[in-house]
Every structure is written in C-alpha cells, then in structure tokens.
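Two complexes follow with chain A in common, the first pairing it with chain B and the second with chain C.
Showing the complex of A and B:
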C-alpha cells in the first residue's frame, strides 16, 4: 500500500495491537500468573513464598501415578506415530501411483473428524460388545479384552488423531530430499536401507523432531480422548486437571498441575517454536 | 519420480490403503450405521432393523436444539471477531514495516508452545477471579485464543503470495489504494483467507476443552452435550445421530479446505 514511512509505523502497530494484546492477556499473562499464584500462596497472615503445592504434588502417590501414566502414554504415542507415519510419508513422497492419492486422502482424513466423534466411534468398535466383538463372535472366536477404559484406549485415540499432522510435517521435510541425491546413491549401489539411513533420515531429522514435539505438546495434556476412553484412575494430566479445577474446586492445585505439565514440555515447546520461526518470516 | 517404488503393481500402496481404510474409515462407518439403525442387538453382525426412528427422537430433544443453537452462535461470534481483529493484523504483518514486527508476529506461537489444556487451566484461574466462568463471553474469549494463530498466519501467507506487479500496474493506471485492494489483492488472497475463516469456524465449532472447562454446565455446546451422551446415555443411537449431525461442518470444511491443507504452506505453518 502506498504510505509514507512516517505514516507506516503507527498504522502497522495499530493494526496488530488487538490480537497482540489478546496474546499477552490470554497466553503470556496466565502462564506468569500461574507460576506466581502457585509459589506466592495466600495465608491468613498475607501472601508468602512457599513451594508447598509442588511439594504436595511430588509427594502425593495419586498425582505421581497420573504423571507417570501421562509420560507413558506420551512416549508410547510418539513412538507409534513415528513407526506408523514415517512409512506412509516415505511412500507418499516416492510414489506417483494412483493409490498414493487415496492413501494421502485417508492419512489426512482424521483432521476432519473431531475427537469427540472419534471417541464415540472407538467405543462402538472396540468397546464391550462392539463391532470387533461381533465379528469375532461370528467366526466363533472369543471376545477381545477391550482397550476401552485402559491406558491403551487413549493411546489408540491419540495416535489416530495425530496421524494427519505428523504425516504432513514429515512429508514437508521429505520435500527437502532431492531425487538426484537418491539416484546418485542408488548408482553407487546403495540398497533401500542404506538409502533410508544415510541419505533420507539425516535430511529429515529436524522434521522428525518437530513432528514429535508437536505430538508431545498435544498429547501431554490432552483432555477429550483420555477423559472418555481412558481409565478413571490413574488418569492423564488433562482429566486430572479438569477434575481438580471443576469437581474438587481446587484451582491452586489444578494450576500447580498445569505448571508441572509446562515444565515437562518446555524443551519440546521451545524447540517447536524455534523450528517454526526458522521456517517462516513475515 | 518412482525412485523407491519400482514394481508394476503398487503393493506397498495397496497394503497401506487397506490398513488405513480399516483403521480410519471403518470406525466411522460403524457410527454411521448406528445412526440409521432402529434395532441392533448382540450378536447380530448387521442391524436387525434399519430406520430413521431415532432421528425424530434426537431432533425432538430440547437439549439438542439448545446446544446446536449455542454452538452455531459461539462459532459465528468467535469467527467474526477473529476475522475482524486478525485480518487487518495479517495485512499489516505481510505488507507494512513497523518496529518489533517479527517479534510480534512470532508471539502468536506462544499459545502453541505450551500443552493446551494446561494453558486453559491457567486461563481458567484468571477467569475465576473475573467471574467469567460459566459465561458465554468467557467461552468466546478462550476460543478466540485458539483461532489467533490460524487467522493470522494463513492470511499472511495469502497476502504475501499476491502478485505485487499487478498491484503496481493498477496503481500506475490511477487506481487508489482501496480500489487496488478490492480489485487486485482481495481476489488473489481471497480463497486462502476464506479457507482460514472456514477452518476457524469449524475449529471453534468442535472446540471441546475450553467450552467444557469454562462454560459447562451453563454454556452447553454440541460437543459438550456429546460428552454427556457418551457418559450417561444408554441409547446408543442418540450419540450416533448426534455424531452424524456434528460432522456436517467438518464435511463442508473437507470439501472446501482440503486443497489448503494439502498444500506445503499449511504443513510449514506447523513447522514441517
């Protein structure tokens, strides 16, 4: 737009002011405030510095088992996502057959299915007397031990839910692997495994780390799928925080749990932000 | 192109297609079947009676209509506010020079650098002091945060991809700034911006965590109602019919936004 340099400055700042203030008020400030309210506790004598809420969290068996089931779920999901999505992304990058378009459509499809519908669908398929049980019964096999309401329930749901973005991020990274480098390696006799290990993986390490970071940030405090598909106890941090905040009406403990999740995810968060920032400039 | 896959029959593709169809399409087909089933008792593999009986019953429920209205009102409000404040900002980030531009642009990533539900609980702590818990505007604010990144980053990319030479040519023949924006910039950036607005509407429509944490039980959206159907409703068909109804906006998004999602710029927005 034609505008003199003197006019540009206030106009640009003015146009971005409202969303930036919203981010400050509803993202940055709540995080700072969460840390402050959990270490400056209100007592009858006034506010004073105390790590009591954290001491309680890290000495309470129930909180710790919730944290460990969350760590377990996040780790298992991250590994499964990589094992499932890397072959899909590799196939999509190096195939131009008609089937590839169908596979890509399917891999992206979960993005258009809300978690709540997915939860209901998985209960109807994998739950007691669900479709899998019906089919097994039809061929005279015993029922499955349903993953619904066990720690595997959220794992299945969260992996399903995270397939599209993991595939897209890996695929975007694979775009940096040139066909010439593959051809050159093949010409000197590299097999499929050597190609993957020496040519492809080193070039997409960053994308793999970004995909994992994104998945970890989403899964660590996931709520809907663990709340509906997971066991009542121990529960993942998402349902745990929700119950502490709403049912037990204990905001300070819930916010302490939130700060603990921030602490566990900070490395992934910083890495993710750095990578995204590196790829984009306004 | 086919450097790794050389076979005439694409077995890898066929195996992947079959496995993904089973894992991704099959569960949804089961829900779709339940929605059009009057009677389906164990151990019959297919329903004993197909029909639309439960559509009438589900749509006859007052709580379903209240939550449909609430979800549509919320999603429309959030999308309109989001568009009103984010699109001018996106234009500024794409085209204008001002101090701190890069830092402010990347500040929108802050919301994605923390585990989402943890952040929601931290926000809820503040809303508690401001008496925003259980209010419509409390839910609007929390959902607005979720749309900020999308509604700024995707339109910025759209504004940047507009052909600047065409704008200059229009100016050379005497078009004013608004005429250039209306006739040259908007038609080129428009489809991507429309996709961003659609994704923002759909994302808000399905937002469950914030609506549940901040709004329930006073503000009950369709996904929140669905949670109570799953937990407390013995009639399976109610949940199935609600799932099919609930999927309509997503289906529309699927039709219109798939191209944007498939494009490389979308994945790059997530750091790919």
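Showing the complex of A and C:
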C-alpha cells in the first residue's frame, strides 16, 4: 500500500536536509562571512562599514588587468573546449568501430594526470628546445615561439586538463538523441550539417551549457597551470589571490579578490542551475 | 558495453580513493617533521641528521615528511593554529624552512616556540647575521650564485661584477632568466642584489624593522628601474620562471645561458646529471648575490615539543653544522668559530667570510608587491 503524501513528506525532507545543511555550512556560510569581512573593516576604532577594498580593486590597474586576463583565458578556453570536444563526443556517440574505445580512453586520460605533472611535461614538450622543437628541427623546420611563460601556456594546459569532463558531459547529452530521429531525418534527405544543426544541437544545448559552466568554473579559479606555465604578470585570479594571501600577508584584499571571482563564477553557476531546473520540470 | 564498464569502474576507483581513511594521531616519541625545502635537504635529513639524532636519543624517532612548498607548510601550520584554540593535537612538531610570521595571527597567539626562552645550549653560537625574530632558528645558510653554460660562455669572460653582469645580459638578449621573487630564493636574491646596487651596495641600510612605507618608497624604485632596464633583454623579452627548479630546467634545456641559482641546489643538480658537467658557477666579486638562512620553527602545542627542541639544539651542534658544509654545500647557521677548524680552513677560499644577508619580513612583502606591479607587467599580454 503506498504511503499517503502526508506521511512521506518528513522522510523526504530529512533526506534532503543533510546535503542542504552541508551546502549551507561549507559553501553559503563562508560566502556570507567573506562578504562581511570585506565590507565591515576592522579599524582601531572598531569595525566599520566600508567599501574601500572594492574601491581599491576596481580602481587598481594591476588588479583589473589580472581580472581581464582571467576573463580572456576563460573565454578562449571555453571556445577551444567546445571546438575540440564536440567533434570527439559526436564521433564517440555515432561510431561503432573498435577505434572509438581507444579514442575514448585517450579523451579520458587527462583526468588521471595531476596538473603539476602536466605542467612540467608541457615545459619539456612545448617549452623552448623541447620535444616539439626537436621534431621540427629534425625535419628542417624553424623553431616555434614557445607558449611557455606567455598567456597561451595556461590556455593549452587548461584545455587539455578539461577535455575529459567536457567530453563526458557532452556524451551524456548525446545519449538523448535517439537513433530513430537521426534515421528519420536521413530518410527525408537531411545532410550531415542539417542533422547536426536541426536534430542534434537543439537536443544537447543543455549539455553544452552545463559542460561550459563546469569548465568555466574550474578554469576561472585555476591555480597550478596558470602559475607554472603562465607569465609573471598579469596573473590569473587564482595565483593572484594566493600571492596576496600568503606572500603579502593581506587576507582582506585576498578575500575581496575571492568575492569578485565568486561574483563572476555565480553567473555561470546560475546557468547550470537553470539548465538543471529546466530538465526537472516535466 | 566494455567502455561503460571501464567508465563505471574508473569512477568507482576514483571515488574510493577520495574517501580512503586518512586519520592519524601523533605518537609520543615520534617527532613529526615537515619541510618546505627541495629534495636535497630532505636527503640530508634522512641520511645525516636522522640516524645521528636517533642514535644519540634512544626511544625518539623522526618522522620526516616533505610538506611540499611554503603553502604546504602553511596549511599544516593553520591546522596547528586551529588545534590551539580547541586544545587538540596538531599532529606536527617541527618545521624546516618556514617563517614563523605565518600564518596571520600565529605569532600573536603564541603558536611558535620562542628559542630565546627555550634554553638551547647552542643558542649563543648562532651567527648573529641570521637571527631575525626569536621564533625563527636559523640553522643553515646558502648563497645564490650565477650558473652558466660553459659551452656558450667561456669562464674567462663570465661576469664578475654587477655592472659586468648587466652589460652581459644586454649584449646577449634572451640568454638570462630569473624566477619570480616570491617563489624561490634564487630570483628573490637576484632582485635583492639589484635593490642593494640601487642603494650603494650598503647592506646596513636594510634592517628587519626599517621597512616603513617611507623607506620602501624611497629605496626600491631605483632598483625597479635597473630591473626594467634589463627586462627586454631577458629570455622571451621579459619572462620570469615560477621557481628555482624551472630556472634550472631552462638552463638544462639550453634555452638560456645563465641563471641565478642556489649554490647547494645547483651542485646537487650537477652531481645527479640534471645539469651537464659543463655547467659553470660564478659569484659576483663586488658584492655577492645575497644568501639566506633556513629556519627551524617548532609548534608550541605539539605533543613532542620537548623532543623537538632537543632536536633543534642537536642540529646546531658541531657535528651537524660541519655536515651542512660537507654534505649539503651550505653554510653553517652558527658562527664560523664553532665549525671544526680543518673545515674552516678548507672552505676559507670558497666561501666569503661575509654572506650578504638581506632582512626578510616586511621588506620581502614590499619587494614582492613592488616587483609584480612595476617590473613584471613589462610582459605584453598580447604578445
């Protein structure tokens, strides 16, 4: 006999309570406390309301250039990820060949490589006089200008690092595209491009949004790769926050930078929440 | 189907590893020791200090743990600070290569043992140059040198003074690189040498407590001009590596001809074949690149605090201090009078009697911030 709605409700709420409380405790409360720390500043006369740290951040050319390089890196990475991962995901979804399994293995592989190891490997491979230079040299081609220590260094590393998650999310979205709909479209004469544009893409927009949101959230505050592979300045927000906190001993400014970073990330977080909510509504 | 099974098992294994139990409690008589230094220092402790100390103190063992870098030790120190307010066990006793000014608030709350009060029998032997605050115990020093590729630069032509070095960098664009001053002492001490040059090579102008905003504003900008002047002639028109190791790597890949490097680290790298035999070393003769002292800090709330203090005292003994010279290629933390006389004679020519030691603390913050804001943005982000 099914339980009546009245009796089921408290159990459901209890089940949800644990994750909700965890999120409140570990995520929401630190955010609130961070915002409070940056607007109620400690002065010799006691704590005072002040927007000084934000005024400093948004009037300081150095901070702003760090923010803009972070936005640039995130944007470029997101575009590159989509361009690289969508074809891989499409191939994996629609190919029945044995090779597909190896391609999938390769696409997932970066997930198991820690970023610090990846950084040093990239210096060896793409760095000056690295493997790529040696290969080019062997076939009498000129040396490349190494991306190491330029803004492109972290872009290459971050894209490589984020391929697995993006491919997996896109692949799960492609699971919603039924073979019948593809065949039906083919029967009425749809070409490859028409198939992609009219049948496949509309069904996976949600997945694309989710994949990009996840990638952007990770990249925006990335630390190791921008730190080791990127230029000294401008630096991305991750290394900037860490340096302000640990080397300049200035927690208030570091928290201000964190709140600003959070402000940008929440936009993409909302994208994600919206698409999940849209999926849930019947 | 195979693919899916693989994915499921891989995800399961990853999740399983994340929740593996990591609980542990500090054991009585086992000193939990953490370092922020490189592998050569950990090897030194493993092969020299640990056996000697354990032989001299039966029942006490050393648990040597590589804490990674400064950030790694800082998070353990934060755990110690949190443990202090809750009277819990910090599971850490002894830090090698850490500054007790971190984390913020630790000094005020008394997280660190004050070595002036701790009753070390060897405390009076310390080299006065190395002492800054009583919660930092300087036990070894090392110096920054210039390491270069002798196949590209004849040792006879290696720069011997600061003006020579500047002239060489400009004459050989792209062949020199130093690391960011906040990550790695080789770059930091190169920057400090520029600061000294801009202030008449006068070390006495810099003390631990005179880094006032007026002083830093008056004394640092001239140094930034020197560094900005050479920036376009550096590797990749003004790139800076993110650490000592990364600089050594570029020298090893023959991407640059000369770098500043820690004496002990570069000697070890040559010995292990990371750098070729043809690597040359040179020190500036007008005023050497500054060196620094590595400090010991001890948590005042560690379970083995007394044993840790005994270890700190032991490290200052003649036996270990001599080993710092012979095994590590570093300088003793004690005054030279307290090193075996034969060693004193042997190293007299190689090691200058005075190592320029630049004060840390607020000067470091001022240099770090000023360098990032003034010198580093020389890199054109669009390039």
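Assume the second predicted complex is superposed on the first by the 246 of 282 C-alpha atoms of A that agree within 3 Å, B and C clash if a C-alpha of one lies under 4 Å from a C-alpha of the other, contacts with A are read in each partner's own complex, and residues count from 1 in each chain.
Assume a residue touches a chain if its C-beta (ideal position, glycine included) is under 8 Å from a C-beta of that chain, and two chains touch if they have at least 3 such contacts.
If you're wondering where the values come from, they're calculated on a predicted model, not measured in any experiment.
When the two structures are aligned on the shared chain, A:62 is found in touch with chain C, with no touch to chain B. With both structures placed on the common chain, the touch criterion links A:246 to chain B and to chain C. In the superposed model, A:232 lies in contact with chain C only, and not with chain B. Once chain A of one complex is fitted onto chain A of the other, the partner contacts of A:182 are limited to chain B, with no touch recorded for chain C. Counting residues of chain A touched by each partner, chain B versus chain C, the larger count belongs to B. In the superposition on chain A, A:114 contacts chain B only, with no contact to chain C. By the touch criterion stated above, A:158 is placed in contact with neither chain B nor chain C. By the document's definition of touching, of the two partners only chain C reaches A:127; chain B does not. Put simply, chain A uses residues 100, 104, 108, 120, 123-124, 129-130, 227-228, 242, 246, 251 to touch chain B in one complex and chain C in the other. Those residues of chain C that touch chain A in the complex are listed here as 2-3, 6-7, 10, 70-71, 74, 101-102, 104, 180, 182, 235-236, 239-243, 246, 249-250, 253-255, 364-365, 368-369, 372-373, 376-377, 379, 381, 383.
Chain A meets chain B in the complex at residues 1-3, 5, 8-13, 15-16, 18-20, 22-24, 26-31, 33-34, 37, 87-88, 90-91, 94-97, 99-100, 102-104, 106-125, 129-131, 133-135, 137-138, 160, 163-165, 168-173, 175, 179, 182-183, 186, 192, 195, 207, 210-211, 213-214, 217-218, 220-224, 227-228, 237-238, 241-242, 245-246, 251, 254-255, 257-259, 261-262, 265, 269-270, 272-273, 275-277, 279-282.
Listing the residues of chain B that touch chain A in their complex gives 1-5, 10, 12-14, 16-17, 20-21, 23-28, 30-31, 34, 42-45, 85-86, 88-89, 91-102, 104-119, 121-126, 128, 141-142, 144-145, 148, 152-153, 156, 171, 177, 180-181, 206, 208-209, 212-213, 216, 223, 226-227, 230-231, 236, 239-240, 243, 246-247, 250-251, 253-254, 258, 261-262, 264, 266-272.
Touching chain C in their complex are the following residues of chain A: 62, 65, 69, 72, 100-101, 104-105, 108, 120, 123-124, 127-130, 146, 148-151, 227-228, 231-235, 242-243, 246-249, 251.
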